[in-house]
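For reference, the structure I am asking about is given below.
Each chain carries a letter (A, B and C) given by its place in the written order, and its residues are counted from 1.
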Amino acid sequence: MLEQIEGSQAVARTVAMCRPEVICAYPISPQTHIVEGLSRLVKAGELRPCEFVNVESEYAAMSVAIGASATGARSYTATASQGLLYMAEALYNASGLGLPIVMTVANRALGAPINIWNDHSDSMSQRDSGWIQLYVESNQEAVDVHLQAFRIAETLSLPVMVCMDGFILTHAVERVELPEPEQVDAFLPPYEPRQLLDPAEPMTIGAMVGPEAYTEVRYLAHYKQMQALDVIPEVAAAFEQRFGRSSGGLLRSYRSDDAETIVVALGSVLGTIEDVIDELRDQGVSIGALGIRTFRPWPSEEVRSALEHAKRVIVVEKALSIGIGGIVSQNVHGALEGTAVTIHTAIAGLGGRPITKSSLRRLFADGIAGELTGTTFVDLDHSLVDGESERMMQTRRSGPHAENMLRDVGIVGAGPV
Amino acid sequence: MFETRIHGRGGQGVVTSAELLSVAAFREDRHAQAFPSFGSERTGAPVISFCRIDDRTIRTREPISLPDAVIIVDPTLLHHVDVFSGLRADGYVLINSTRSFAELQLGELCDGFRPERLCTIPATELAREHLGRPLPNAAMLGAFAQLTGVVTVESVAAAIRQRFSGEVAEANVRAAQAAAGLVPPSSGKAAQEEAINA
Amino acid sequence: MTATRLKYFQTGSFAAGNRLVNPESRSVQSGAERANAITCGHRACQGCGEALGARYALDAAMRATGGDLIAANATGCLEVFSTPYPESSWQLPWIHSLFGNAAAVSTGIAAALRAKGNTHTRVVGQGGDGGTVDIGFACLSGMFERDDDVLFICYDNEAYMNTGVQRSGATPPAAFTTTTQAVGEEPGAPWGQGKSAPLIALAHEIPYVATATIADLRDLEAKVQRAMSIRGARYIHVLVTCPLGWGTPSSDSLRVARLAVETGIFPVWEGAYGDVTAVTKIRHRLPVEDYLQAQTRFRHLFKPRRRDALIERVQARADRNIRRFGLIDPVEYDPVALHVEGGS
């Protein structure tokens, strides 16, 4: 059914149609609307049987999901930002135990400084957690990919993180085709666990493994996740067959087959990028985009074949690996090893700074003109940074950066002047 | 693409307004994207919401910086926030006020824009009259539909009925219709089109 | 009534075995049909109080549920010694997730069972004092306040023994641990710190809270059985000795646990919905010195010189327990006399 609906509500209704049996909820912006929606559906009896557990932390949220999943229940939770970090230990545990939990990450920046707005710092920080990571571009894709996520997770017995841009998608009201429950039931069979806590067949789950087998267990975890490179496209194909629209998968190329310049990005910024690419194509610029839909496992070969014909690649990423720079671009570098493709890294949209078309036009023009060097911080206010650097050089007790810089930009209430 | 920016304060239903506008457009089988200025603003703080309307899929996610229209739900913002920032020369302005642009000391503004696209509407008063509560959004949207023609007043009414129910919905629809009736016939898109066709 | 009842200590005591009592009243461990939830072959130290306590507790829970039980375990000694890859001692479905989340994992199991309409399978969460009173406390408190249908059992040996005897929130004052060394003016663990997890559990007003020790295993079994007859969040806090961490001979595990009870150091009680409902009276009261001297973790209170002031403070803690929980009937209770007795 076609609806004009908020992203979070669309996801809540879709997740409900996937019939999770246990949902754990802990509030954190910008994820809250999703679990609020699910709470209503469970309380109203529209989703049952389902246990909705209001937990005391994200750590508990993931832990309850672990217990429930190991007991054979389809389990779901959602989080963002600090919440994802707070459950980090449990994330590794869920993947290490091979529990097919599905979680929405409403992408948000990490503190300090505390910042509730969107970027990809949170999920990128957990890229090595053993979870499959899928990034969505629109709310339609968020709906579609959640459906696929349960099937992927349960096929492989691995947890899946669906990453959707906080606020930009979660709070956006737009046109979404919601599936019919019967369609979902036909697409997503009941969960058949690979391992189960069952008194009829007692089993020990989570035993200690020493040096004699740890490498093998980790190898298997890697091998299993790499299998997702086959399973994800299969599930996307099955989805397209049943629902009649293309969604999910590993990558999505946009006007890039013959492009000299290819922009690589994840998530909702791809929409803005595509608009700019259309403008530039109209002007005769040879440019296209590659959307990374599956970031973990990293589809290295697919990325390579999608990019290797280009002269240059500009990776626009909403996260920063402090001490090295880009995260996605490191992966792109690996995929393009041995090719002549020039790779530029552009860090943009951190902490909710809008990524505007005009900034992107400038960035792409600079890239094409060969003027990008090293890591570019899009729209960085150099004077602000220089002012604080100066302050640090002048006085030992220069104070906290964030508050100093807020005063510099004239934000009221930033503290004593 | 028609881009609208709505200015108000936390608690005034600014986000809901953008959503209702998008639903009205959706009901006319158009594509629409509504989203708030993302933040943790509390009741009373300045809040912005956005709505894009187009005939094809809307892909861009940037905030609206060059709007085709601005709706100012709370006139106390006029001299605190640059509510007209980036407004296109042929853009629309709808302000919730009992006073005229001149009385609001916005005379200069009128010089830069097309006067028939500038309108004030006593939406809060209409809301008090029809709803018994000072919730001006429905009235503002009714007037906005009449002023811009970007959606019909009927679609706004349908969006209101979809979102609310019973007497609340009907009272809001009445407020919207009353507000639409207060938009001078010489204003807005309809008048402009008539002029072209004449 | 003037008749004098004969005391058959074999039946009147709670000693393990109890072959003389009628079958229903016999201890779980005395029966051939016991579940052996933790079966032989595990790697616990000689004299491990936790292994003993867990075995009795889980076998009692297994009997109470007809073997229809799932256990979630926190990281710690119990987890490590019971599941050395590729072997497992557990004869029931058992999951270990993390150090701090056993209560939440238990909640998840219970939620899954409820969602599946399974009303018969029951859930036990368990951990040591670190996994319960420290790192796992938030999850435990959450499980309590939601009144999730979980029995959580803490095997409290009063320090992080698995990592080499470091201080926990359950370590008593003056006790030596590797992070509260026996040096300085007030050697050992600091005074005025630590918490009573069972009292905090009771404050959640959950349907059942109990303390127990491995000195009275029949009592532990009975409490587990009672806990399993109740739905909702339940908590049993079991004092278990640790020969390594306490510095006691392996053969003394039960004796030292009994001393903890008989001195009033560890009050044994039951509670429900916020109130203490029953206490185990002290039968032969002993001065705390007997308990302290039995363990090298308190050696610095006696050597190289005797620290009377500190011993008095420990005695005062025991006295307070006795007063607070009424561990001795008022008639018999004479703190002054006890001080004289205990000060020898």
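Just so it is clear, a contact is a pair of C-beta atoms (placed from the backbone, for glycine too) under 8 Å apart; a residue touches a chain by one contact, two chains touch by 3 or more.
Keep in mind that what you see is a predicted model, and the values were worked out from it rather than measured.
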item: Most widely separated chain from chain A, with each centre as the mean of CA atoms; value: C
item: Per-chain Cα centre nearest the global Cα centre, belonging to chain; value: A
item: Mean-CA-position distance for chain C and chain B (Å); value: 67
item: Mean-CA-position distance for chain B and chain A (Å); value: 34
item: Chain centre separation (chain A, chain C; CA means) in Å; value: 45
item: Where chain C touches two or more other chains at once, by residue number; value: none
item: Contact footprint of chain A on chain B as seen in their complex; value: 18-19, 22-23, 26-27, 31-36, 38-40, 58-63, 65
item: Residues of chain A touching chain B in the complex; value: 4, 6, 29-30, 116-118, 138, 165-168, 171-175, 268-272, 274-275, 352, 354-357
item: Touching residues (chain side chain A, partner chain C) in the complex; value: 21-22, 24, 49-51, 53-57, 59-60, 63-73, 75, 89-90, 93, 97, 196-199, 201-210, 212-213
item: Sites on chain C touched by chain A in the complex; value: 67-70, 72-73, 79-80, 83-86, 88, 90-98, 100-101, 104-117, 121, 138-139, 141-142, 145-146
